[in-house]
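So the structure is just underneath, and the comments pick up after that.
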Amino acid sequence: MPSKFTYERIDKNKALLLVVDHQIGLYQMARDQNAIVMKSNILAHAELGKIFNLPTILTTSAETGPNGPLPDEIIALHPDAPFIRRNGEVNAWDNAEFQAAVKATGRTQVILAGITTDVCTAFLALSLLDAGYTVFAHSDASGTFDTKTAREANDRMRAAGVQVLSLFAVACELMRDWRSTPGTKEMLPYFDKYLPEYGALARGHDAALKNGIPSGL
Amino acid sequence: MPSKFTYERIDKNKALLLVVDHQIGLYQMARDQNAIVMKSNILAHAELGKIFNLPTILTTSAETGPNGPLPDEIIALHPDAPFIRRNGEVNAWDNAEFQAAVKATGRTQVILAGITTDVCTAFLALSLLDAGYTVFAHSDASGTFDTKTAREANDRMRAAGVQVLSLFAVACELMRDWRSTPGTKEMLPYFDKYLPEYGALARGHDAALKNGIPSGL
Amino acid sequence: MPSKFTYERIDKNKALLLVVDHQIGLYQMARDQNAIVMKSNILAHAELGKIFNLPTILTTSAETGPNGPLPDEIIALHPDAPFIRRNGEVNAWDNAEFQAAVKATGRTQVILAGITTDVCTAFLALSLLDAGYTVFAHSDASGTFDTKTAREANDRMRAAGVQVLSLFAVACELMRDWRSTPGTKEMLPYFDKYLPEYGALARGHDAALKNGIPSGL
Amino acid sequence: MPSKFTYERIDKNKALLLVVDHQIGLYQMARDQNAIVMKSNILAHAELGKIFNLPTILTTSAETGPNGPLPDEIIALHPDAPFIRRNGEVNAWDNAEFQAAVKATGRTQVILAGITTDVCTAFLALSLLDAGYTVFAHSDASGTFDTKTAREANDRMRAAGVQVLSLFAVACELMRDWRSTPGTKEMLPYFDKYLPEYGALARGHDAALKNGIPSGL
Amino acid sequence: MPSKFTYERIDKNKALLLVVDHQIGLYQMARDQNAIVMKSNILAHAELGKIFNLPTILTTSAETGPNGPLPDEIIALHPDAPFIRRNGEVNAWDNAEFQAAVKATGRTQVILAGITTDVCTAFLALSLLDAGYTVFAHSDASGTFDTKTAREANDRMRAAGVQVLSLFAVACELMRDWRSTPGTKEMLPYFDKYLPEYGALARGHDAALKNGIPSGL
Amino acid sequence: MPSKFTYERIDKNKALLLVVDHQIGLYQMARDQNAIVMKSNILAHAELGKIFNLPTILTTSAETGPNGPLPDEIIALHPDAPFIRRNGEVNAWDNAEFQAAVKATGRTQVILAGITTDVCTAFLALSLLDAGYTVFAHSDASGTFDTKTAREANDRMRAAGVQVLSLFAVACELMRDWRSTPGTKEMLPYFDKYLPEYGALARGHDAALKNGIPSGL
Amino acid sequence: MPSKFTYERIDKNKALLLVVDHQIGLYQMARDQNAIVMKSNILAHAELGKIFNLPTILTTSAETGPNGPLPDEIIALHPDAPFIRRNGEVNAWDNAEFQAAVKATGRTQVILAGITTDVCTAFLALSLLDAGYTVFAHSDASGTFDTKTAREANDRMRAAGVQVLSLFAVACELMRDWRSTPGTKEMLPYFDKYLPEYGALARGHDAALKNGIPSGL
Amino acid sequence: MPSKFTYERIDKNKALLLVVDHQIGLYQMARDQNAIVMKSNILAHAELGKIFNLPTILTTSAETGPNGPLPDEIIALHPDAPFIRRNGEVNAWDNAEFQAAVKATGRTQVILAGITTDVCTAFLALSLLDAGYTVFAHSDASGTFDTKTAREANDRMRAAGVQVLSLFAVACELMRDWRSTPGTKEMLPYFDKYLPEYGALARGHDAALKNGIPSGL
């Protein structure tokens, strides 16, 4: 335990979003989460860049091979983002173009997720940490062969100093206050889409206001 | 599969409630469910008799020994119910006084739960079935050593023709219509106590009506 | 085991689709599946009626109370379907209007799903069976408090003669042949949306055809 | 591993209790624990303040919206506690009134729990740690979307130096000696209510003393 | 569901006990239960024959090969029991000597357990059923490769009409009344050994009687 | 429970083996088992035909599309088997060529496995049952989206009268006696490959014979 | 990660064994492990002191109350060990007599286990660490309410610097070499009793040597 | 958290591979993973040395006793590797010959796996760390009694500074770039064998290129 802990929160003005190897072939390897959930989380990850106006970088590994391309939905969200198609490097940091793109943003915090967690996410996260970045691994949007591998990959990153966070935590740490911009107006529809139990709570609340009658409790 | 299925529902005018060996010592054996849940379900079971005004019979096995007495809360709910303290018979049906008490009610449907599921509930359920009763095993209020044993005991009963039901199913099949008596007025507080996620839904709905403002979604 | 088994398949010309109490309040009770998956399955269920042009009936229970309305997405899919808003009956079959709507379709097979599985789905399924229908419970689109309750509710239905099927099984038993209408053209986009691991398989295949290069294996 | 570990125990004269966003709407999001258990643990958390006479602060997030109010039971336990209703800040520490209330207690140890674990509990816990407090996260009374998220949130807090404790550990570390005040007299009924397996142990013991006969073992 | 169910209980005067391939090599294959539990259950199974004075037959499969011999503890319990060492037949019923030994007992009910559940137990159970016996599979004392295989093997037997029972259910159905012989005197030490949570209940009860003081609750 | 059960065992002279849609694309959908295990079981299934000299039929669904071809290993095992490449029919029984191939074998028992369990295996199994075959679903070699779907598909088949068996049970019911042909000589290497814990038992036994020294126990 | 790690192994000449509150009442609270396993592990823990001739100290909490006495088996193993019966202190270190007994041994390493893990084991482990001892928590012999609580308690101890070890690791780290005393002669029977899968391995090996014949593989 | 993290990757020119006690007897103890998976991972581990041309050392513990020899497959892969047969030392580092063999390689990074994880892997890993090596525990190729023991052993190693990695992570960190040697040509067949879901992805991709037609999506 450190004698003194400093809480460095994600700051939308300092943070960069990385979409790492969320390719449709590799997606078949991501079995630590239900496939519907995994896809929803991948799209939610990419959309964070849009809503919080974060510099976003896309990268893929050998996308003309079995790993396949990124889902069209992600490319449609970020048509103008730097997109580095690696042809050999497993660790994206080993690709000079990718490294340059990251550095060009001038950001000091990195939010990332990828498939697989133990390779694509972890290798890059550790390299970024080594390079001096504060690293936030968005764990819901990373996937790998099984839950044991996911847990051990996250443990490895955490032991090195990476912050491992859920979708809700990343989004709320970015937003900070429901009265901000983006705030309620942008984030409620986002949660309605990607955390539907929260969306249903809001829908039910509004339905009660519109034409509800007392429950009788 | 029967060529013709007849759905015999629980009828509050035909049903009898049995509280079987829900003793505080035996309660320690019930590990297929969390202990807090198990206790809640045991009390919910006993309270069904109260709310639906069902003839209710209590029985225990060797209660001055390690099995211990029934929880005071159950006795307080049914101070006047027939209470058969068995001193040796494992299967309550083997106790003449118990059998007489059941027959005296004139009921043809039996709702029962007990600890342990594989012995106290299952043996009695099978004897009742053999004796011609329609038997409803309230599975949430039965407990046993582990989930495997619970599942196999329920499978055994089901194969013989016992209906195995959840708390919510027993309660709703008894109520049938929220406009009945008992209906909303009696059952919402009951669900608020024993199915608190449903209670919270009603509380949240009423809170919205009282002083809610639109969510902004 | 029956001496002779007859396999009655779902037939798109004989089948009726029932959407039972898929309300946004009750949705909070459905915890045997991940919430994202549950929502996806509910929408997939409703969309089956659209794609296979099945007579579809919607019903809700006390929707101005805590149970809340159906999701807008479902209503938008079936704007002209009979929609029976029950005010008290737990078992939809007890509602004369609902029963009339079902009978009016002239269909003999019923595909249904609802929340909760043990009450809304099971009670209705058993009544339909009793009334002579062949009943198909689409289990992926039913939800309840926990996995134990879901399993026991499905076991109860199965013991009575209900067919309990997954989304993929319901859809494929309706389609039968990829060369039919609806067939590949309608069903691949449907699976891409609701079984994304299957969609990704098709996407990856098509990407390989478009600009793939050999893997080197 | 630190070369020298100092064990700072919870001290009832130094500790402050925080009840964070235990709201009835947010409660629907807490699915890493059974809903009955979650509710029991939330009430157990609030009652710790009462029994150990700890300064207690209540806070909610946008309680007129979907998140809803605190359960009446909690408010009834702490009618005079500072109660900060936040209208936008996700992290309670960002609310000046809340921060002032915490500081006004003069306490140096904080026991907290909230919904959701990864946002409401973790963000505040990390801010408190940063501000120099010793932080005890009562994990049984925090809830979130699923067990993976709960575990990762607790791992994040632990890595920063937060102590993550069960209900039994918090209560026993506060009590220290059964002969204290509060001690057996206050804590046995508390455990009987919130850890019923322990309560049943005491009930069974007392029943044996009252009218037990040897088991025959 | 049968129109009329007859509950045939295990009767200690009609029952026969079979110990099937509980060999120390095969024991390594039994991974659906913890190894300590598996061993305890195997010994508990064999000891049932001793306590209830049931005709008991031991059999092994190719015991000089990798399957290995029975544990010495079992042989010591039944030094004079018929012991059929099969050299090839997988299904013990295919061995004439074994079949003769079973028939020689004149019993009509068979309690059996073996390793593996899906082969040694299931094949023999189905053959016994076919031969007209009432068959009770003691599931806690059968083991196999994994829980899925165990469940499916038990499901297969149950569908054919085998009764699948836990250790506690077998023992209690044999005993029927704690006042019988064997009864409390024989069975409490048995449960203390093989169901230690029940034994601890009795020990704790007796300790309270001996020198307990009130809990203070 | 049937009043009289007849145990129809798999007979190598009556049985037919079906390899159904074990295609490399569909294999990605099979997530109810670990991928390594799934592949091993698929190959074990195909090899049964070889070892027991069973008439074997291969079939695929739209293999030039995303479902992909059968693994080369399977085709290499059965170069001369009838191989029906279906272009549209989901249920192989709907394909006239396939149906003819099955009938041409003159066999009355069918052992089958496929991907997915709920569609490819279950639909065909039910059709075969309807057509009068005795059907054995080899559950270890069928795969589907998740364990819940697998369990429900097997339950559906079992309720109709299909025998659901593990790899070990299928192989042993075919072999019957270790002294047969095929027997020890053929089956030990088979188990060494596909049930390696059993293979290791034999290897360890032989190693002890070769150069072991007493353990000292 | 520490810049330099020193591996301090358990040394039988430096180590002390503590048996903490392994009482038969508290044993009912230990539900994170199967009850049979828990009892076996508790006895294995106590027997370590015997085999390795470690100074051993027993302690209980309020043993005339519901917590009950230690199992007779443990007392029989250590009739002459210091036995501190605490009447109020939850943390044994707060009891002067216990602290003195520990110090009197002159040992610097402590192996401990207790019920519950989060209170009896963890509190004492942290106090011992604070007092300068090297602490080894034998996790298999500690038990608590559920697996989540066990994991969090072990995480708390580990974060502070406690070594959390399995039974096999504690025993092997004490033994170090099978040729030592105690070594094979003492430890094989010990493992045969407490890790029966290892015992069966030795038994099978010896059986092969005695009268085995080649497997035929 | 370290103020500065340095990411030391596995370097094929600095790394040494250790195969520790992967013996066929001990293999029966490895139950935290499916037996088929465990065997596959053990062979994958040994083959890493072959593909990456890493100095490899084999060691066994008392291989003429119950632990048994290494699988023939491993010895065949490394016929010329140093092979240290320990006769007593549990921790391989305590064996002078083994220690000399390790030092003789001149390597500074060690990749190891063994059975059991908590003893054979962990003890050696901690000794290597103490001796100044950077240690990579390949967790997929270590096995032990159950998942709890595996997790705790890995946690113990991680807390000391060991890197705990999956098979995919070890292989990819060694390879670094698919264009290296070894690269695609060597590693795709390796993954096809040991991570068959990845192999199937490549097979499906190549099949599409060879004779695929568009899916129709």
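Labels A, B, C, D, E, F, G and H are assigned to the chains in the order they are written; within every chain, residues are numbered from 1.
As a convention for this text, a contact is a pair of C-beta atoms (placed from the backbone, for glycine too) under 8 Å apart; a residue touches a chain by one contact, two chains touch by 3 or more.
Just so you know, these numbers come straight off a predicted model, no measurement behind them.
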- Query: Is it true that over half of the residue numbers where subunit E touches subunit G are used by both copies, so same, or is it different?
  - Reply: same
- Note on the structure: Computed over C-alpha atoms, the centroid farthest from that of subunit D is that of chain F
- Query: CA centre of subunit D versus CA centre of subunit E: separation in Å?
  - Reply: 46
- Rounded to the nearest Å, the gap separating the Cα centres of subunit B and subunit E is 30
- Identify all positions of subunit D at which a residue touches two or more other chains, and write them in rising order. 1-2, 25, 28, 31, 34-35, 65-66, 68, 145, 155, 159-160, 195, 197, 201-206, 208, 212-213, 215-216
- Residues of subunit D defined as touching subunit G within the complex: 1-2, 5-7, 9, 139-140, 147, 154-155, 158, 163-166, 168-169, 172-173, 175-180, 183, 195, 197-198, 201-202, 204-206
- Hey, which residues of subunit D end up touching subunit C in the complex? 28, 31, 34-35, 145-146
- The subunit G residues in contact with subunit D across the complex are 2, 25, 28-29, 31, 61-62, 65-68, 87-91, 94, 116, 118-119, 122-123, 126-127, 129-130, 144-145, 148-149, 152-153, 155-156, 159-161
- Message: Taking the touch rule as given, give the residues of subunit E at its contact with subunit G in the complex, in rising order.
- Response: 24-25, 27-28, 34-40, 64-66, 68-69, 71, 194-197, 200-201, 203-204, 207-208, 211-213, 215-216
- Sort out for me which residues of subunit C touch subunit H in the complex. 184-185, 188-189, 192, 199, 201-206, 208-209, 212-217
